[in-house]
Amino acid sequence: MNVGIFILVSVIKIALVFFILLTAVAYTVWLERKVVGHMQNRWGPTRVGPFGLLQPAADGVKFLFKEDLTPPHVHKTLYIAAPMIAVAFALTSIAVIPFGNWVVLGDIYTPLQITDVNIGLLIILGLTSLGVYGIALSGWSSNNKYSLLGGLRASAQMISYEIALGLSLVGVLILSGSFSLREIVDAQAGHFWGFIPKWNIFYGGQFVAFFIYLMAAYAETNRIPFDLPEAETELVAGYHTEYSAMKFAMFFMAEYANMITVGCLATILFLGGWHGPIFGPYILQTILPVFWFVAKVFVFMFIYIWVRGTLPRFRYDQLMAFGWKFLLPLAIANLVITAFIVALKS
Amino acid sequence: MHLILFLIFGAVCVAGAVNLLLQHHPIDSALSLVVVMGALAAEYLLLGAEFVAAVQVIVYAGAIMVLFVFVIMLLNAGEEARSGGSRVAWIFGVPGMLIGSILMAWILLKHSGTSRVEIGALPGSPQDIGWLLFHDYLLPFEVTSILVLIAIMGAVVLAGHAQSQTRAIEKKEG
Amino acid sequence: MVPLSYYLILSGILFACGVTGFLIKRNLITIFMSIELMLNGVNLSFVAFAAQWHALSGQIFVFFVMVVAAAEAAVGLAIIIAVYRTRETLNVDQINLLKL
Amino acid sequence: MTPNLHLWLIPLLPLAGAAINGFLGKRSSRQAVSTVALVFSGAAFAMALWVVSQFSSLTLPYIETLAPWIRAGAFQVDFAFYLDQLSLIMLLVVTGVGFLIHIYSVGYMWEEGGFYRFFTYLNLFMFFMLTLILASNYLLMFIGWEGVGLASYLLIGFYFLRDSAASAGKKAFIVNRIGDFGFLIALFLLIKHFGSLNYAELAHVISPLHIETHAGLFTAIGILLMVGAAGKSAQIPLYVWLPDAMEGPTPVSALIHAATMVTAGVYMVSRSHVIFDRAPSAMTVVAIIGTLTAFFAATIGITQTDIKKVLAYSTVSQLGYMFLGCGVGAFSAGIFHLMTHAFFKGLLFLAAGSVIHAVGGEQDMRKMGGLRTKIPWTFWTMTAGTFAIAGIPPLAGFFSKDEILWQASRVSLIYWGVGVFTAFLTSFYMFRQWFITFFGEYRGEAHDSHEHGGHGHDSHGDDHGHGHGGVHESPALMLGPLVVLAILSVVGGWVGIGNRFENFLAPVFHSTATISADSFDAPAVSTESTSPESLSPASKSEESGKNTELLFTAISVGAGVLGFLLAWQLYYRRPELPTEIAAKLGGFYYTVLNKYYVDEIYAAVIVKPLIAFSSAVLWQGIDRGIIDATLDGSAEGAREVSDSMRHMQSGNIRSYAGWVAAGAACIIVFMAWMAVGTR
């Protein structure tokens, strides 16, 4: 495969993935409104299009045409840069996510993934850890005490939970012996005891890690029950109080893109990635893995929304105590036990 | 190719470092430092140290510098105040530093021979690094873990000091 | 192909910038960041030497430097916070009593 | 096959006890402290017994090397332990008697302050003493040697609030230093001339040397060793500390200043028999010092009224006997006496402690009397001890003392004569003490008014401390060791019947016999006659010596009995006589009463000039004039320089950084210059 075709294929993949990702972001918003609406005995959006399906498009148009207000006394450069930072890092991390098997089209043999790097997981961790700058800087540059508090909370919370998050992943890494996301998924192929899939959450006994990951992921994406940085009842929407129009939309997109990334990562690390029952002709064999992958991510997103519709918000000290005093020791214990078991097996 | 990439990221590095010096607001300096660190991560990648690069981003840019930004925000540090400062630093320090670095550069250029490095000259795969870290360097590793533990305790004690003091005073009065 | 000395000179420039920052900046936090810059410069030379000598130990040292830097940042920032609490300034020229 | 004995555990067990008590004892209860102390010292004793059980299967000497210590060229000293018959006997005596005294101390010290401190020190002492006797080289022995000195100092000054106790401790320490000085120089001589301090190596190196060629060196080493031994074992002229050491608690006097530590000198001399065998003059010195000490201490003992002081002088005197034994080449006799002495003198001290305990802390015998019926257990045990020390057969003291006297008589009848006279004196002052304390009327004033109350205490008052009214028997915890030691004092000498003890020790002193037989005869005769190999050629002299030996034995027993009779006459039948005699003797009596004014003479001849010299020359001249002046001057100079330099210390961090940067630049320039220069 020569360089020209490589670049062409890559560009096509990038365009495709980003289109799907942005659409998914838009429709996750719709899904959330709809699901939460039904949970609260409402209808959710219904007006625009059938089942309100065109609502995201309408929202997009609204964001584009709203007045882009820049309040006085803000630190202008950072005020403008912050949402961009947030959304850029959120969208970039999708680049290393594998969502399907290898595909053969004529003599083109390419993975369903923008790029497969052997430290994919670390790249995602690095990018998400950089994403905090967007929130922190927006809070600080807005020159607004609520925003500042939101930014402070966000940075403290994200640093804290990143540790538990990272440690919960190490168990999976020990089991698969690789940082490459594709290899991690490959390690989860097959079944044991006849029917149970060899997913890390089952086979490796990483359900504790999965639980930790779930909790830490909620905190990292600032979702309920850990949405302290943007708690609208106490901080008036927190770090993005002063933002409007497209800048606000960027934060919005960043948040949902992060959710999707986190969901993809959970699917890859714990739920066996694209593995599932595969049958039928070649075309089906190519599409089914992608379908399983999307289905698992969807389930994960649904849990996100479900939790949002059910649980109340934590207090900030509870959040910190939970992260440092419960999740972190639990993650360390899980890591030690996993390492011990693996060492015994080998 | 290598040279071009090196020069691009090197330029970013130097620009960030100089910007750190020129900015008057600590948060601008902090962000320039983040840029320097990001560019350095790229340089590490060029040298094949991919794991170091990832850790550089995660630990330095993603944790340490966030901590800096956090503290700047917490203390609401403003623009640098103009104060007389130190004549010694200007008279001895800066020239001394300049002389030293110029000399070093001269020596390096003149005497470092013909050794060159390529892209990915030494693949630092996580496995190899892990092997080294947990076999050959196990003792230093454990020692640093103790160091970190002490640092955590020190930070808690130092930063929490005032609060506990006021709490103690409140207890006494209340 | 890049001569090793280029990397070393880049590392030297970063280090020199760090020293200069330490000398001319007045804000305690910025000074602290200058130290981090110096450490980064040193790290670069470590990695470069590792590549030259084909010895991963150089990269290992970078990890140790990072750990030390992290520990230093934690303690140092805690000290800065404590200093700020008592002196209510971050200007080093005003923090010259050698005690809080 | 030689089993691994783990000898290192024996000293380390008491050390562990000391560490536990020392670090945790302050907050622990007395029960816990005493449990720890007893368990660890008991464990050491148990280990010693186990070693005995393994003893027959050992190849002797058994050497256990733990770790290298000093390696300097060919000179090498290790942490190593050495076990042979000699150290085995010492081991048993130290751990056994030590353990008994530990038990006793629990009862004795129960009411005292610093309970944990006492047991910490006591265990520490055990550690050092065991190190001393198990060491395989002189340097390790020296550690133990100094360590027991330290423990002794700490325990003498145990009641450190009392001025006399503190100064007694200091006195013991300083006097011991003089002896240690000699010991150290002897060690240096050994290193210089033989390049080793290990017993085994030294024996190997020294054995082939002939006495004619090296007599001077060996005499020097021997006499220096004797100086060390004299310091530790309280011989003339360094005996003055031991009587003062009675300021310590009585169990300490029993353990350290009677049974074990003070015998270290005897042990050391015996251990060095290879050297002494080749130094007849040194042997003579040892014998003379021993004889003189025995005699003078005995005479002082006659006049003392403090129950513990009597025993202290008696200890000094008995130690003199042991040195006499060593000095005439009868090392095994000396060790034998050491062992029996540990039993009966330990017993006597403990019993004296029990008496003191009974009468509420009173130590003056004149205020006792008639205690026989009030404290029967103490009385009977003390009786056993007294008869043992007086050399009445068949108690322990008879066998060992008789052995020494018999061996001494074969070298010179003067030794023997003085020895027998001393035996008479010993018997006399011991029975004097016995009669004064236990017979006649009770003369204590303080308790008369409480007499009726005291009887009430007798029935249940075991746990009452001293200072309480009423004479009462000590608790069982104290009486138990007394009884055990009393039994040992009675039967302990029987191991010497038929020369069994000497035969047991013969392998240790064996080299003596074979080597010195051709070069030197006098001190070697004793061991020669007892060692099995040389029995046949010596059997002839054995035959003729048998009768003489019986005669001498009879005489020494007679001396003991005479002492008893005299004491009975003077202190039981006609108690008013002694005062009259004392009055008649006048000046002489007072001279003896005041211990021949030795302390005063020392003070006048040594201490005062030393102090005068120190204060005039060392203090005012050297210390003030030179050392302090230099120091003050340099400090003044430093301050003046600093005054000008401190402007650099602006307190400004950036200035400091500037200096650092400038300095770094200087170093870089220098290095670059060097690098360019070498190109």
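Each chain gets a letter, A, B, C and D, in the order it is written, and its residues are counted from 1.
Everything below uses one rule, namely that contacts are C-beta pairs under 8 Å (C-beta built on N, C-alpha and C of every residue); 3 or more make two chains touch, one makes a residue touch a chain.
The structure displayed is predicted, hence computed values, not measured ones.
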Highest-count interface - the chain pair sharing the most C-beta contacts: B-C
Rounded Å distance, subunit C centre to subunit D centre (Cα mean): 65
Interchain centroid distance [CA atoms averaged], subunit B/subunit C, Å: 5
Centroid distance [mean C-alpha coordinates] between subunit D and subunit B, Å: 67
Length of the line joining the C-alpha centres of subunit A and subunit C, rounded to whole Å: 33
Subunit B residues counted as touching two or more neighbouring chains: 51, 55, 63, 67, 72, 74, 85-86, 89-90, 93-94, 97, 100, 104
Shared-contact residues (touching 2 or more other chains) in subunit C: 19, 23-24, 26, 93
Shared interface positions of subunit A, touching two or more other chains: none
In contact (per the touch rule at the top): chain pairs: A-B, B-C, B-D, C-D
Residues of subunit B defined as touching subunit A within the complex: 27, 31, 34, 50-51, 54-55, 57-58, 61-63, 66-67, 69-70, 72-74, 76, 125-127
Interfacial residue positions of subunit B with respect to subunit C in the complex: 2-3, 6, 10, 13-14, 17-18, 20-21, 26, 29-30, 33, 36-37, 40, 43-44, 46-49, 51-52, 55-56, 59-60, 63-65, 67-68, 71-72, 74-75, 77, 80-86, 89-90, 93-94, 97-98, 100-101, 104-105, 108-109, 112, 114-118, 121-122, 124, 128-129, 132-133, 136-137, 140, 144, 147-148, 150-152, 154-159, 161-162
Sites on subunit D touched by subunit C in the complex: 650-654, 657-658, 661
Residue numbers on subunit C that touch subunit B, as the complex places them: 1-10, 12-21, 23-27, 29-30, 32-34, 36-37, 40, 43-44, 47-48, 50-52, 54-57, 59-60, 62-64, 66-75, 77-82, 84-86, 89-91, 93-94
Interfacial residue positions of subunit C with respect to subunit D in the complex: 19, 22-24, 26, 31, 92-93, 95-98
